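Written below as structure tokens is the structure these notes are about.
We call the chains A, B, C and D, going by the order they appear; numbering starts again at 1 in every chain.
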Amino acid sequence: MSALLEVSGVSVSFDGFKAINNLSFQIGPAELRAVIGPNGAGKTTFMDIVTGKTRPDEGSVLWGEKSQNLLKMSEARIAQAGVGRKFQRPTVFEDQSVFDNLLMALKNERGPLEVLFYKRSRADDARVEALAEEIGLADQLHRTSGELSHGQKQWLEIGMLLAQEPRLLLVDEPAAGMTLAEREHTTDLLREAAKTRAVVVVEHDMEFVRRLGCKVTVLHEGSVLAEGSIDHVTQDPQVIEVYLGR
Amino acid sequence: MLQTKDLTLHYSGSQILYGIDMAAERGQVTCVMGTNGVGKTSLLKALSGTHHRSGGSYTLDGEAIAKPPAHALARKGVAYVPQGRDIFPLMTVRENLETGFACLPREERFVPEQIFELFPVLKEMEGRRGGDLSGGQQQQLAIGRALIAQPKLLLLDEPTEGIQPNIIQQIGRVIEYLRDEGKMAIVLVEQYFEFAYGLADEFFVLTRGAVSLSGSKASLTKEEVMASVSV
Amino acid sequence: MNQALDLGLDALSLASIYFLAAIGLAITFGVMGVINMAHGEFIMMGAYTGYVVQQVVPDYTLSIIIALPLAFAVTFAAGVAMERLVIRHLYHRPLETLLATFGISVALQQIAKNIFGTQARPLTSPAWLDGAWVLNDVVSISYIRIAIFVLALIFLTLLLFVLNRTRLGLEVRAVTQNPRMAASMGINPDRINMLTFGLGSGIAGIAGVAIGLFAKVTSELGSDYIVQSFMTVVVGGVGNIWGTLAGATLIGFLQKGIEFFNPSNTLAAQTYMIIFIIIFIQFRPRGIIALKGRAAGD
Amino acid sequence: MKRSFIANNPSVLIFIACLGLFTLGVTLMSEAFGTAVISTSFVKTLGKTLCLCLVAIAMDLVWGYCGILSLGHFAFFGLGGYMIGMWLMYARTEQIVVASLANAEIPPTAQEVTDAIGNQIFGVVGGSDFPAIWAFADSLAIQLALVVLVPGLLALVFGWLAFRSRVTGVYLSILTQAMTLALSLYLFQNDSGLRGNNGLSGLQNIPGAEAIPQSEISIYFFWASALALLLGYLLAAWVVSGKFGSVVRGIRDDEARVRFLGYSVEGYKLFVFTLTAVIAGIAGALYYPQAGIINPAEIAPIASIYLAVWVAIGGRGRLYGAVIGAATVSLLSSWFTGGQAPSINLGFYTIDWVDWWLVLLGFSFVLVTLFAPKGIGGLFDYLVRKGDAK
């Protein structure tokens, strides 16, 4: 199996502080992966690099079958190539309806002129409705998304990600601030999504990670400390030392 | 000394804390434990006034605390060492310490030798910029800075996070010293179990924003506490 | 050689003027991140304060000595009032601060016009500032320009001193770098913001007296400087007194340099200078001396 | 699901109706076609106001919807005015020159005519040669094209530079302000080729229309302004209603998020910035023939800030808000400063509105910003919602 995303030897520092230190990471085309690690271990910076927000000082990030170099592309181009990102705090467009949010995310032409003359097709409507069904917001389609609950906003954002039809989903702390039932729904959504694409979940909550039931990568001080099943990493003495607590 | 009753807290609509009743006494370390994301940091924010509680009561030395701005609480003797330390990066170590003078009358505005005795490294680094210090040094600076104002309540949020073991030991000794001195109540939020267990006199374990277990060290076995915070 | 020296002196004195006009903004905009479009009107208020003092105190030397602190007091008070009444409510809405302070600027300008009329009011410099320091036939520099240069130097030193060596400066820097943590240390951010804003405004008042000595004092005095002052701060790098110095120096020398090639036309020089700056910002969007922090606008 | 554009935007229909009634009303009360209740000069004021409403719509599009607080859109407005002004002045002067030379004994050569026109136009700034930028001044068609092209190109180049380097927020505002200042300083020079601070004048005299009285011309321009405003409003409403509008509002609220959705934010901003500059240019080209004169003071940075303030007072992010704001403030301004407003005698002091209007206006900006951040339009929404709730 060849990797969908291959990060190798990446380092980046801010004001002398090494946020990422010779990090290497791979993920296949249909895989669920959890990334854990203490605060400041470089989880968010890792996502910033893959999505083009931060340029690393050295290393390479290769993408897809043709091994495109993501470091040479703009954020918008990377997103178009199939990398979707969910932020820590739910960022949906609060003064627009759920429908408009989803429609905007739908995989379609992205140029200003194409969008200006865009006509909604029946197929697009159907896709938006199907997505809304999947994220449990089918009856909320025409509500302003700012009125949704915190958990609903999280799902809407996941829905927007799915609408982009990305090949790689980067999800930052999806369970933060959710109730137990909401967490379970989120786990299902992510596991379902990972059947057809790569999903990387950054999470703090170990219970949540355990429920995802996937391979875990532990980051520490900007590089990979351990990798393997949840039981494997939670028994790793180094991981216990720096993260889980002794 | 510190007493909260039915304290709740919200972040833009979502509730983080549910009816927290807790207490802390002078000369004791009160340890708040729990896995990530259960609201420990939010609790400290409510106690330090950086994020106001949405309900419940909060008393210090019997004085009911309304919802004063953070600086007013600091002047009442609440010192806060936040997670991530929040050193002023462009100011020197000395200047960082001096920010605490705001709580003191003019004649008491000097850095007591005790601070440098507790953290000799701060003396060495006195003229360096806070942002240039290593994580461990920054943590020591953050605690030292909090002590300048001679607080009666010291709030510590994850002081060992990302710190090398020898400095952790040193920080542990400082906390013990401050406890035994008996001038202040210490509330410690900590993930590092052995460290926290070793220092604690009282435990409050949080699960999803509510207290799931509490009691003194004598009343709880180590296994009980550990089981309550493990994954 | 002489010509180059003359040009250099000209540029230096222009840079001092830009520095004086912008230095108050370096604090309110640079350090605090507040867009104050009425800053120019504070400069104007300072100049009119000088004029009023001269009406009462006929001795020009004495009147200038009285006018400088008085102008500071007047604009300090105006700045504090504005911060308390308006800006305080808009810290999270910088673009709206721009509009509200613009409204104040319009109102202040018109009030000045109503009180002092439209014609220019003289602000006369003392006799000992009248002459020029003649080096040779080509190179000479008027005393008033030397005085302005010296005043700019004094301000630079004074501000560096206040910010780096005083309790107020310490608290200002703490509030700017991390307002939340500063509050947790017992510093009242509201009070500090108010005083900082007052300081920046007060300095504008003193700059007004200085500028009034060589420019005509009209109600439009301030608006002639406001855009350049903002550019000086932006080009130099927000959040840093040295940055403002660098910005003023760059702009002053650039403008005189362009004028040298096209001496008949100062307007054209200003135009080209602004175009140069627009292009310059493409390459250094954070200015010559870039700093991180609240004021850096992220 | 699908409804027509108008049905989705009921406010557009209301706007069309209001504008239509207003146009009809003014026509019926004018000196030329009606009861002469309102003077020709007031018709001109109303026509100019419509142009200001149009440029306010452009401002609302770029600021209220896209989040770019441009302090340069009045410069584009002025450029549009200059472009049409060049033709008006050239063609008009040519007629005068030709008429005055008609009786000469030797028929004048083409060169002599040109020189005489140049003398007429540039004598005031001590020149007589035509600068290169007047090369097409004799062609109405080309100058009309330039009304669109010059502001459009300037916006395109400036916007490309600014957005590419990701200058945002107040920095972008200051940069646009710098651009405006550079342009106005340039035009203030006597050798700018546009008559320095004299500007272009006599623009109310339309070449070839000498026989038509100003009372009639004013109505034609009023109609043209109303039509332009209508088209501008429809265009803007269409642009912001669909998916493009969603993306643009998304950019306003969270630029980074839109970028991660795969939209090139810079391209969208550039499109909106340029489009609105063109609209502003057209509005200016209609405004100045009604004003009669244009000079660089019109372009000064302060004018563009006023424009932003109108939109803020009307309520940004609502097209009708921009129209209400521009119309209210500019009509009130001309009422107060025109000397019609009654002075208030306080006994010890008489408040003369000519002197105190700007003070009142300035403080009302402050009040609106502090207490009504959504402007008059926000008040409307509030009342409508209150009505719905009942």
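Please note the rule applied: a residue touches a chain if its C-beta (ideal position, glycine included) is under 8 Å from a C-beta of that chain, and two chains touch if they have at least 3 such contacts.
Protein names from UniProt, one per chain: A = Ribose import ATP-binding protein RbsA; D = Leucine/isoleucine/valine transporter permease subunit.
Nothing here was measured: the structure is a model prediction, and the numbers come from that model.
> Nearest chain to the global Cα centroid?
Given all protein C-alpha atoms shown, the central chain works out to be C.
> Centroid of chain A to centroid of chain B, CA atoms only: how many Å?
Result: the chain centres lie 33 Å from each other.
> For chain B versus chain C, what separation do you get between their C-alpha means, in angstrom?
Computed from C-alpha means, the inter-chain centre distance equals 43 Å.
> What whole-number Å value describes the gap between the mean CA coordinates of chain A and chain C?
48
> Could you grab the centroid distance between chain B and chain D? Build each centroid from C-alpha atoms only and quote it in angstrom.
So the centre of chain B lies 59 Å away from the centre of chain D.
> At which residue positions does chain A touch at least two other chains?
15
> Sort the chain contact graph into one of these: line, ring, star, complete or other.
The chain contacts form a single closed ring, each chain touching exactly two others.
> Hey, which chains are touching each other here?
A-B, A-D, B-C, C-D
> Which of the residues in chain D come into contact with chain C in the complex?
Interface residues on chain D, with respect to chain C: 69, 158, 161-162, 164-171, 173-175, 177-179, 181-183, 185-186, 188-189, 191, 301-302, 305, 308-309, 312, 355-366, 369-370, 373.
> For a test of understanding, state which residues of chain C touch chain D in their complex under the given definition.
Touch residues, chain C against chain D: 35, 37, 86, 89-90, 93-96, 98-100, 102-111, 113-114, 223, 227, 230-231, 234, 265, 267-268, 270-271, 274-275, 277-279, 281-283, 285, 297.
> Mind pulling up the chain D residues that touch chain A in the complex?
Result: residues 1-2, 239, 242-244, 246-247, 249-250, 253-254, 256-257, 259-265, 267-268, 271 of chain D touch chain A.
> For chain A, which residues count as touching chain B in their complex?
Those in contact with chain B are residues 15-16, 38-40, 149-150, 175-177, 180, 204-207, 210, 221, 234, 242, 244-246.
> Sort out for me which residues of chain B touch chain C in the complex.
Chain B residues touching chain C: 48-50, 69-72, 74-75, 79-80, 82, 86, 88-91, 95, 98-103, 145, 149.
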